[in-house]
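Each in structure tokens, the structures are laid out below.
Below are two complexes that have chain A in common, paired first with chain B and then with chain C.
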Partner chain A sequence: MVTREDVINIARLSKLYIAEEDLDEMTKAMADIVKFADTINNASEDGVEFDNINNLSNAFREDEVVPSYDRDEILSNANDTDEGHFLVRKRV
Partner chain B sequence: MAEGMITRFGRMLRDKELSCTELTEKYLTQIEQANGDLNAYVKVTPEEALKTAKAVDEKIAKGEELSALEGIPMTLKDNISTKGIETTCCSKILEGYKPIYNATVWETLRNSNAVLLGKTNMDEFAMGSSSETSYFGGSANPHDITRVAGGSSGGVASAVGGNIAVYGLGSDTGGSIRQPASFCGIVGLKPTYGAVSRFGLIAYASSFDQIGPITTTVEDAAIVYDAISGYDKMDSTSRGRVGDPTVNSLKNDIKGMKIGIADEYLDGVNDDVRALIEKACAVYESLGAQIVRFKLPSLKYALPVYYILACAEASSNLGRYDGIRYGYRTSSYNDINEMVCKTRSEGFGAEVQRRILLGTYVLSAGYYDAYYKKAQNLRGSIVNAFKAAFESCDVILAPTVPMTAFKKGSAVSDPIQTYLTDICTVPVNIAGLPGVSIPCGFDKDNMPVGMQLIGNTFCESTILNAAWQYENAAGADVFRQSAYGVKL
Partner chain C sequence: MQYEMVAGFETHVELATNTKIFCSCTTQFGADSNTHCCPICIGLPGVLPKLNRQAVRYAIMAGLATNCHIANISKMDRKNYCYPDLPKAYQISQYDKPLCENGYIQLSNGRKIRLNRIHIEEDAGKLIHKRGDTYVDYNRGGVPLIEIVSEPDIRSVEEAKEYVEKLQQIMRYIGVSDCRMQEGSMRCDVNVSVRPVGSTELGTRTEIKNMNSITFIGRAMEYEFARQVDLIESGGEVEQQTLRYNDAENTTSPMRGKEDANDYRYFRDPDLVTISVTDEEIEELKAKIPELPFEKVERYVNELGLSEKDAANIAKYRNIAEFFEAASEGVKNPKSVSNFIIGQIFRRLETEEDKENFDIKTTPEQLCELVKLIEAGKIKNNLAKSTLEKMLDTGKPVTEFVSESDMAGLDENALAELCKKAVESNPKAVEDFKKGKQKAVKSLVGFVMKESRGKADAAAAEKIIIEIIGG
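This part shows the complex of A and B:
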């Protein structure tokens, strides 16, 4: 059973704010979805541990130094930059 | 519809029946006229399109050879990175974001002078089945604009079905190429996991996501798939295409091909859809194929397995949106934690937030074993069930969606009901298999119905061969042009 407290805790871990007035609705939505997810607990497994979808193992290659993206280009999408760095102001 | 639009338009360009600039202008004009109704495009790129068209016309004037996709007007879903062109995933949180690199698929197509008409609408971060979770509102179905185009690649399907793009690339995590293709009466191919590079595809659920074509004909889908598939060192899960180009085997005889039908795929499917699937079996039998009936009991867990794993991956993938390096940032905050939380809460829509929360829940201490680990192991069981099925058949035939396109607004009200519409499409993503949706008729409301052909891994040639043969045999009974767009 998903409670309001669960939703508040999960939201904190997810770095999301759920407004007080939306909490009941979100708790109900989460409870419905988790109940739906719970149906897997009726299933019996093959006992097969799943690894990855296309059975890839590590592919090694030489570690070569190659040019990367231009610093100014990367910074061009940021809201705030200073002297070649991303900037987060302490207080606005 | 045996000859595809790409082949036909390519021939018209080579024969100088019309110039690439004229062809591109026709599409741009029709986008202007139809997009108000369809809301297929979220960004139109006329300058980029006409610049490429001019380059193609210069090649034609010099008598140079054109490759298959050269000069053909197309579109990309808005989660495929285009250098210098805004790429938003139809989310407020990526407002104004212009990638500094191209997705490998777009780099490949761009190098062969594909004419990009613009970026198309989608459910926010590809999370949805109606394209209505888009920040820009949903796309309409070109066969009835009071209905949805489907999702999440609803914009591509609306554009291709509405004849305002010859083809488009979408992405399919749980059915997002095949479901809208089915709703809009066209073709959508979800390739084998690893066949097409995901580099530059903005991630939703990385072990499920795959890019593929949405087209009007099977031949077009084969041509586009052959062009975009291949190994890419930029994608650590890339495998590339296995075997010859799929266009080479489209017309192969399918006499003796074993087509499997699993009863579980037909559970809960509406009567019109079920009847058309049975009719398709008869078409296949008349072509000499053999229908094999079998059971896939683990399918009933496919949907919860998919939602648990996809949301878990999404909650991790979407952790990167913090307002610092790109995209939207909240306007007022006191410290960095408040900035990140407010940015995310204001920037993500309700469905994205729900999925992040569910993903975080199933990965959190105390729930990991009961949900995430259990779902991963069931994923293994489903993979094995398909492996066993392909020992007794060559392709599996199934509905694409249990119903046809629903009315706008009906998906938003009940998330679980909307999740249920993905029941026939998610198993393919769980098992990493290729699946193609092709039109197979119309329901009593004259809305298109799609059917799905599923193959073993890297057997795109087989499913496209079976799809082409059906399309060729069924012909005009299953495909109708919508009233919109370019008519040539």
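This part shows the complex of A and C:
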């Protein structure tokens, strides 16, 4: 069961604003999504190694340094920067 | 009513890898902001994180050194929360399949502090709040961490301090982290609750976040214990919350409402495949773990005859322990080696970091040579002490400062002659001694030592001087 309160809470955690009048529709949509995802519970678990469905393991990287990106490039997508930092407006 | 403290620790330790956990940017500390970054560690969409093999190895070693069970199968999960220090809005961590589980750290009072788990995760970026804005530096973002989670088994501030120190020592010994608390490479969250003595139930806990000094941990826990006891005694209730410790005022204050595990909406990170560790690999890593500090203390006390205190002082730092062991090679009484280290060499190492680095000019072989000369009766203790100072200043061996003739020592006649001279040249000291001032004899002995350039046997000289004055 997905309640209106669940939707409000999830929106809060994701810093999303949902208008009061959209809440009922959102709750119903969310319930449908969860119901769809629940289908997976019908699958047989026999012989399946917990959730490793693709049977891949250990794609490791060796611990060798590769030069990082230029700072200007790193900051180039930011809305705002100052003194070599990403700038975020103070959160209320 | 009497209350007891119940505390548990979540300790974050930065691993000493060269590169970050999911990308090849360097983990070096102290660079200009955002210069150790790439699309992976600033969380751009469409990138593929790839796990650093060394981070996994270090984490397993940390687990082995703390008596954990190592999981053969483990995985990475996403922990979702929105905060600017986390550019992806999730942290890659481990939820229900951590790498290490069920370990413990044994304290000197014999109590075992159980470890629930050790898992690997990525560090967050650094936020600087100024001028009403937040400045974000992602150099630290993606640095590999282990989080060591203890059970609430700690019962006092003393136990807490020892627990943190032990963890720090072990992690340094096995080389997985430098554990510099002031640089943030080791940070503790402390859960504190109180309960009436004798009760077995757990009280409501508060969590003090991000402590980076053992002294502050102690103070914060004391403050929080007293605050909770006062609250309960005055009929109130402890509220579960996350606190910040304010070291200037020595108080704690609430930070934010603690999110439940549910709120983090953990799920498996689909970009990262299963971590599978074979028993052979675990054995291989086990072989890399050196003798640990508490094991060394035991051996130093039982086999080398050191006191518990001296043994602990030496074993605390791996470099010093190794120096001590090398310098004790073939020595009859290793205690004299430890006396030189603790008495004279430590005086030159002011900070913990100095001791950690143990950067001295004298080699263990040189100290060993000096101690062997004492044991062979060729150098008296006083001469050895002043010689060691010169050796430490220059890095030169004992033979540079003490000649063959010095080593031969003074014959009895020469010593008696010098003692006589001491008495004749220092009438004031002699008089003082006669008046009952025992200490005055020391200045006479000092005279003999000086005249003989340290060759004389101080104890023998004292005996002769007293005989002369008395006679």
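Criterion: the second predicted complex is superposed on the first by the 70 of 92 C-alpha atoms of A that agree within 3 Å, B and C clash if a C-alpha of one lies under 4 Å from a C-alpha of the other, contacts with A are read in each partner's own complex, and residues count from 1 in each chain.
The rule is short, and it goes like this: a contact is a pair of C-beta atoms (placed from the backbone, for glycine too) under 8 Å apart; a residue touches a chain by one contact, two chains touch by 3 or more.
It should be emphasised that the depicted structure is a prediction, and the values quoted were computed from it without experimental measurement.
> In the three-chain superposition, say which chain, chain B or chain C, touches more residues of chain A.
B
> Quick check on the superposed pair: does A:Tyr17 touch chain B, chain C, both, or neither? Answer first, second, both or neither.
first
> Give one of first, second, both or neither to describe whether A:Phe86 is in contact with chain B, with chain C, with both, or with none.
both
> After superposition on the shared chain, which partner residues are touched by A:Asp63: those of chain B (first), chain C (second), both, or neither?
After superposing on A, A:Asp63 lies in contact with chain C but is clear of chain B.
> Would you check which partner chain A:Asp32 touches, where first means chain B only, second means chain C only, and both and neither mean what they say?
After superposing on A, A:Asp32 lies in contact with chain B but is clear of chain C.
> Pick one for A:Asp6: touches chain B only (first), chain C only (second), both, or neither.
first
> Given the touch rule stated above, what does A:Arg71 touch, chain B (first), chain C (second), both, or neither?
Only chain C is touched by A:Arg71; chain B is not.
> Give one of first, second, both or neither to describe whether A:Ile40 is in contact with chain B, with chain C, with both, or with none.
A:Ile40 sits against chain B, while chain C stays out of touch.
> I'd like to check the shared interface: which positions of chain A are touched by both chain B and chain C across the two complexes?
10, 13-15, 49-50, 52, 54, 56, 59, 61, 69, 74, 77, 86, 88, 90-91
> In the complex of these two chains, what residues of chain A are touching chain B?
2, 6-7, 10-11, 13-18, 26, 29-30, 32-34, 36-41, 43, 45-46, 48-50, 52-54, 56, 59, 61, 69-70, 73-74, 76-80, 86, 88, 90-92
> Sort out for me which residues of chain B touch chain A in the complex.
Chain B reaches chain A through residues 96-98, 100-101, 193-194, 207-208, 233, 236-237, 239, 298, 301, 303-305, 307-308, 315, 319, 322-327, 329, 331-337, 339-342, 344-345, 348, 353-354, 356-358, 360-362, 364, 370-371, 374-381, 383-384, 415-416, 419, 431-432, 457.
> What residues on chain A touch chain C, complex-wise?
Residues of chain A touching chain C: 9-10, 13-15, 49-52, 54, 56-66, 68-69, 71, 74-75, 77, 82-91.
> What does chain C use to touch chain A in their complex?
Spelled out, the residues of chain C in touch with chain A are 17-19, 24-26, 32-39, 42, 44, 50-56, 73, 75, 80-82, 84, 89, 97, 128-129, 132-138, 259, 263, 265, 268, 272-276.
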